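Multiple structures are listed underneath, in structure tokens.
Each of the next two complexes has subunit A plus one more chain, namely subunit B in the first and subunit C in the second.
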Partner chain A sequence: MTSQRSAPVAPPPPLLEPMPVPELEPAGTAVRVEPRPSVLKRLVAILGSGAARVFIIVVGLFWLFPTLGLAVASLRTAADNSATGWWTALTAPSQLTLDNYAALLGNERITGSLWNTVLIAVPSTVLVLVLGALGAYALAWLDFRGRDVVFVLAVALTIVPVQVALIPDAAVFRALGIFGDIPAVIAFHVAFGLPFAVFLLRNYFLGLPEDMIEAARADGASEFTVFRRVALPFAWPALGSLALFQFLWVWNDLLVALVFGFNNPPITYAIREQTRAFASNIDVIAPGALVSMAVPLILFFTFQRYFLRSMLDGALK
Partner chain B sequence: MDSQLLTALEVVVGVPAVLVGYIWLTERIVTLVPPKWQKRVRPWFWLGPALGFLGFFLIYPTIGTIIRSFQSRNVRNPEWVGLANYKWFFTNDAAVQALLNNALWLVMLTVFTVGLGLVIAVLVDRVRYEAWAKSIIFLPLAISMVAAGVIWKFMYDFRPPGQPQTGTLNAAIGAVGINPVAWLQSPTFGVSTFALIAIMIWMWTGFAMVIISAAVKGIDPELLEAARLDGAGEWQIFRKVTFPLLGPTLAVVSTTMVITSLKTFDIVYTLTNGNYDTEVIANLMIKQMSFNDFGRASAVAVVLLLAIIPVMAFNIRQFRAQESIR
Partner chain C sequence: MAELVLRDVTKVFKGGVVALDHVNLTVHDGEFVVFVGPSGCGKSTLLRLVAGLEQLTSGTIEIDGRVVDLDPPRDRDVAMVFQNYALYPHYTVAQNIGFSLRMRRYPKREIQARSLETARLLGLEALMERRPSALSGGQRQRVAMGRALVRQPALLLMDEPLSNLDAKLRVAMRGELVRLHQRYGTTTLYVTHDQVEAMTLGDRIAVLDRGRLQQVGTPEELYRRPCNIFVAGFIGSPAMNLARGRLVATADGVDLVAGPVRAPLPAGWEHRWPGLVDRTGRDNGAVAGGEVVFGLRPPAFTLVASTTNDPSIIVTTAVTVESLGDEKNVLFVPPFGAYQPDRPDASDAEPPALWTARIDPDAPVHSGDRIALRMDLTAAYFFDPHTELAIPAESPAPALAS
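Now for the complex of A and B:
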């Protein structure tokens, strides 16, 4: 019996649970019966399970609380927010207004930055996926000299933090005439997304049965057809989690945009601009932050399964 | 707005067109090559774009930064200065404080996220609305650190004593008669850094919880049952069976948190920019860069790289070990 089952508050065990079958033992063996837990032990179990519940509820509320505060604050006027705390709106809901959001829609700096974020995040994700998959397939299933060297190189590059490339890349982008613009931000994100993408997808592709590849090749399929019809469908879960991970990575990035994207700043940059140590533009940053969170949250709830996987895989990055 | 429209067009039409065009063209070229050569040529066509991005924007700059870290700040004609930039780093007050703060980040963030994550992962198993609890705790990880910074700015808001407090925390401690604390502008060493670390704990506990929880579920229930039959209490089972089995997972999560704390930047930059004794290495690097001292900025970046390499190498080994089991 687990401590949970012995607690009266726990749901009854499912009907289909197999009944324990008594084993035949040779005559004369002492019958071993699990001793009934003492009253004290059962009390501890009940309290323990109750405590676990209370603990989880408290933690959950505590985790939700800060975001709730911001959500309420985003629905109050700047004057209200600087006069009283957001919780006063709970007893005086007449304070609530959509004015901040209406103003946000008219704020071209913010709407423009949201658009920029999309223009940066989507191509960065597409390029990492396509180029990563092509390279990873070559490393997994095409035989050529130098294959292992390239793979070890890709793995080694996952180590490099972005800071190490910032200064020389500024010179590279300046030479290319894109310093400060969206293509520079994309190029940088793609370069830093690729090592991990190649590493992850190559390992995933290797899980493909060799017979399947050989059979397709024997049927006269071109290598690209094998890649598109056999390898890609097989690697769908890995591609999904990689896409999600890469997209959110770029969507939430501040550092790269700060250095390379100042002419077309994304939303993180725009919000940061409005945040100051003491008197911030509360009426801009509160709804702005919530709007910037909307996309990750929608993705999170839609693709929760991929999301968990991407986190497990992404533990490396 | 026009440049945005142009970029949008480039993105929607340009990127896919270039990708498809590249694949089509290279496949054509491969078929024109004598069959003997096809096998040798194709892999490099497929790897080409990825290697190009890596070479231009990652490998070349990394080497450049390492070289630049031995040169002076002069932008046009940098001179060789040997180890002067590194000497500056390890003797300058702000940098030493950054190192100290990063050490603080490393210990506090790792201990709290892994500890809390472990406790929640073990306990959440016993709660009916498990999925909900997990989602709520995990959510902060999906949002940007800038958004998290804004959220917590409202928690930490400070008004001088006597004025109505608008920050949640100060109002809460005010309700029990404690004077308000300037969480993010504290003159006491450590307070503001802890306030920043708390935000990251809020963000990353869910990550530790999810990964540890997956490992907890992977433990063979018969093992636990056997321990129970032997008369072990729940605490003993956790200490002697569950915990040792979680060892490799805890190692991966811990190293990830160590790397996260070494790289910490967004939160610090957004909320304090290193003021009030909250400087960290990554922020220092950006600061030196904005001062146009590329020599020192490069040295700081190399220090960061050197700090991360051993942890990352360990992490990759663990990851590969896990891959081979899977």
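Now for the complex of A and C:
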């Protein structure tokens, strides 16, 4: 193109209103303004202060007090326990003995029921995890008719109290011939554990990126493989906390065991048997309760990492 | 290696949104076809339908003569590269690349060998044990590519694979894509909204708008012979300038009249645009000219001294001057108003209200200056204002280089 310079014809009319230019301070004079800390952060700061800590420790001790008493009582003979209060052991530690524990381990009713508790709690937890994860994945990532209805129903079921199902289920279990046996207890716990499991895990699975799921499908994975290899590895924290919840619930359950577990009573059932109308076998109850408590405590401290992580996921980010 | 045939492919989403409306297209073996269109035009949906991630509402999809409509993705032998890569964060690079082979139960040795070969090709062999979180954006993109290429699928589907990269990397990867396609010759469907990508990568380009296939052709064809106003405005950067005008017969020819501008069509116009003859009323000498939409690409302007009183020259004000070093584009308001479609449902690819002229990069034009531009009508495009279809030219407009 030849250089055809255009001579400006007329002064240009303003096309746009001139933009106001903000006046700037000289460099380095700006005041650094820290954003106001969030409510959560301030709450954490308050809770972390010295006075609050003392208060929390006092409350904690207060709550631990009955358990401490039980622990001390479990180490005293039945005669001592009926003669004096457990706190006397603090000044006269010579009365402490492991006899109760020795007797407990020799008590087949107690050891048998402890084993029954394991037989109930482990399958109840595993089944809820396996079925819950499968169902939750389907509700999250498979497209089928009535999916949302099923999910809403599952959520609605979480508000059904256990008590309303006791009598109908008793009839069902009797018809199946498992009334009073471990399978009945497990079936009941699984049925009542699943709605919450599905609710929790479905939301967890939904948080996975859609593209990743689809990439796996396009890569040739079957739906089960997508679940197993791509979705599940991210669900461990949720599964861990769910397992802990479910396990503790089943382990400490008395009501369901009383109704459905009378042939193979779990530990809660066996300990309750030791209370009588006018007295109780404190030498069995105290060590039995502590042994029964030990398993959930060990589990909690082993898995609390997962538990806390999934509780806090999203809250602190 | 495969041929893909789309027949009346239609997808209606829940709620009645028509994403694709009777799309017919054959993609030949080894061809690289790029789908372009504004966002929401259905191009990504089309890819997902071919991959089997969505179900067709009606129509059929054939891969190598086999109808695959109802097959799940794993039975279609297609691989897909996603816009945000969608790598498996819990697997290493090697496991990511080898995943599809593992799904097809290849022996371990072969998985390793093939993954390594693919990784080498993409320059990833040093990163095989890393996880995606320890990779840069460009490296992740390569892994996504490797994952799709490793099993040499019949069809390779790419959904805006380069759009998350920075400009420099994007250009580099574009070259790499060409190289990979030359090496493997895999039939490829590529979705983008970047028309430079479309023009440089595609053997053919398919332009989609509101679920309808507008035109399919080589980049050259689409640029030189757009079939309608949409394609004309979409292909080319900066976009073609469009406006409404009338053709008025005069004593010695036909003038294009638009607002105050009146420019004679170049001599021999009746041979160049036979379709215009019927629209001028030239034979009966009447002034009742036909309405047209005309288009001019940015290089079809020349900066002139505006002292002459020539009605074929546009006198206007430069709103913005974009200097790109070796080219200079002036954005201006045409005195006759830029073309606006009269359909109410026009998609968001609205033609801009400003026109763009590419001028001599040395011209001392600044925003706000009064300028005069001569239109070169030999390079004009004409469209029917009602059907929006092109009024074809006998010989394609010359490619204008400024």
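To be clear about the criterion, the second predicted complex is superposed on the first by the 248 of 317 C-alpha atoms of A that agree within 3 Å, B and C clash if a C-alpha of one lies under 4 Å from a C-alpha of the other, contacts with A are read in each partner's own complex, and residues count from 1 in each chain.
Here, contacts are C-beta pairs under 8 Å (C-beta built on N, C-alpha and C of every residue); 3 or more make two chains touch, one makes a residue touch a chain.
Given the structure is predicted, the values throughout are model-derived calculations rather than measurements.
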First (subunit B), second (subunit C), both or neither touched by A:93: neither
Subunit B versus subunit C as contact partner of A:53, first or second or both or neither: first
First (subunit B), second (subunit C), both or neither touched by A:222: both
Contacts of A:177 with subunit B and subunit C, given as first, second, both or neither: neither
When both partners are placed on the shared chain, which of subunit B and subunit C touches more of subunit A: B
First (subunit B), second (subunit C), both or neither touched by A:209: second
Partner chain in contact with A:230 - subunit B first, subunit C second, else both or neither: second
Subunit B/subunit C common contact set on subunit A: 1-4, 222
Residues of subunit C that touch subunit A when the two form their complex: 48, 51-53, 72-74, 78-80, 82-90, 99-100, 103-104, 147, 151, 157, 302-307, 315, 317, 319, 359-360, 362-365, 368-372, 402
Subunit B-touching residues of subunit A, taken from the complex the two chains share: 1-4, 11, 34, 45, 48-49, 52-53, 55-57, 59-60, 63-67, 69-70, 73, 81-87, 112, 115-116, 119, 122-123, 126-127, 130-132, 134-135, 137-139, 142-145, 147, 150, 153-155, 157-161, 163-169, 171-172, 182-183, 187-188, 190-192, 194-195, 198, 203, 222-224, 248, 251-255, 258-259, 264, 268, 271-272, 275, 277, 280, 285-286, 288-290, 292-293, 296-297, 299-301, 304, 307-308, 311-312, 315-316
For the subunit B and subunit A complex, residues of the former touching the latter: 1, 3-4, 7-8, 10-11, 15-16, 19, 23, 27, 39-40, 42-44, 46-47, 49-51, 53-54, 56-62, 64-65, 68, 116, 119-120, 123-124, 126-128, 132-133, 135-137, 139-147, 149-155, 164-168, 171, 184-185, 202, 207, 210-211, 214, 228-229, 234, 252-253, 256, 263, 265-266, 269-272, 275, 282, 285-286, 289, 294, 297-298, 300-302, 304-305, 308-309, 312-313, 315-316, 319, 323
Contact set on subunit A toward subunit C in their complex: 1-10, 12-13, 15, 209, 211-212, 214-222, 225, 230, 233-234
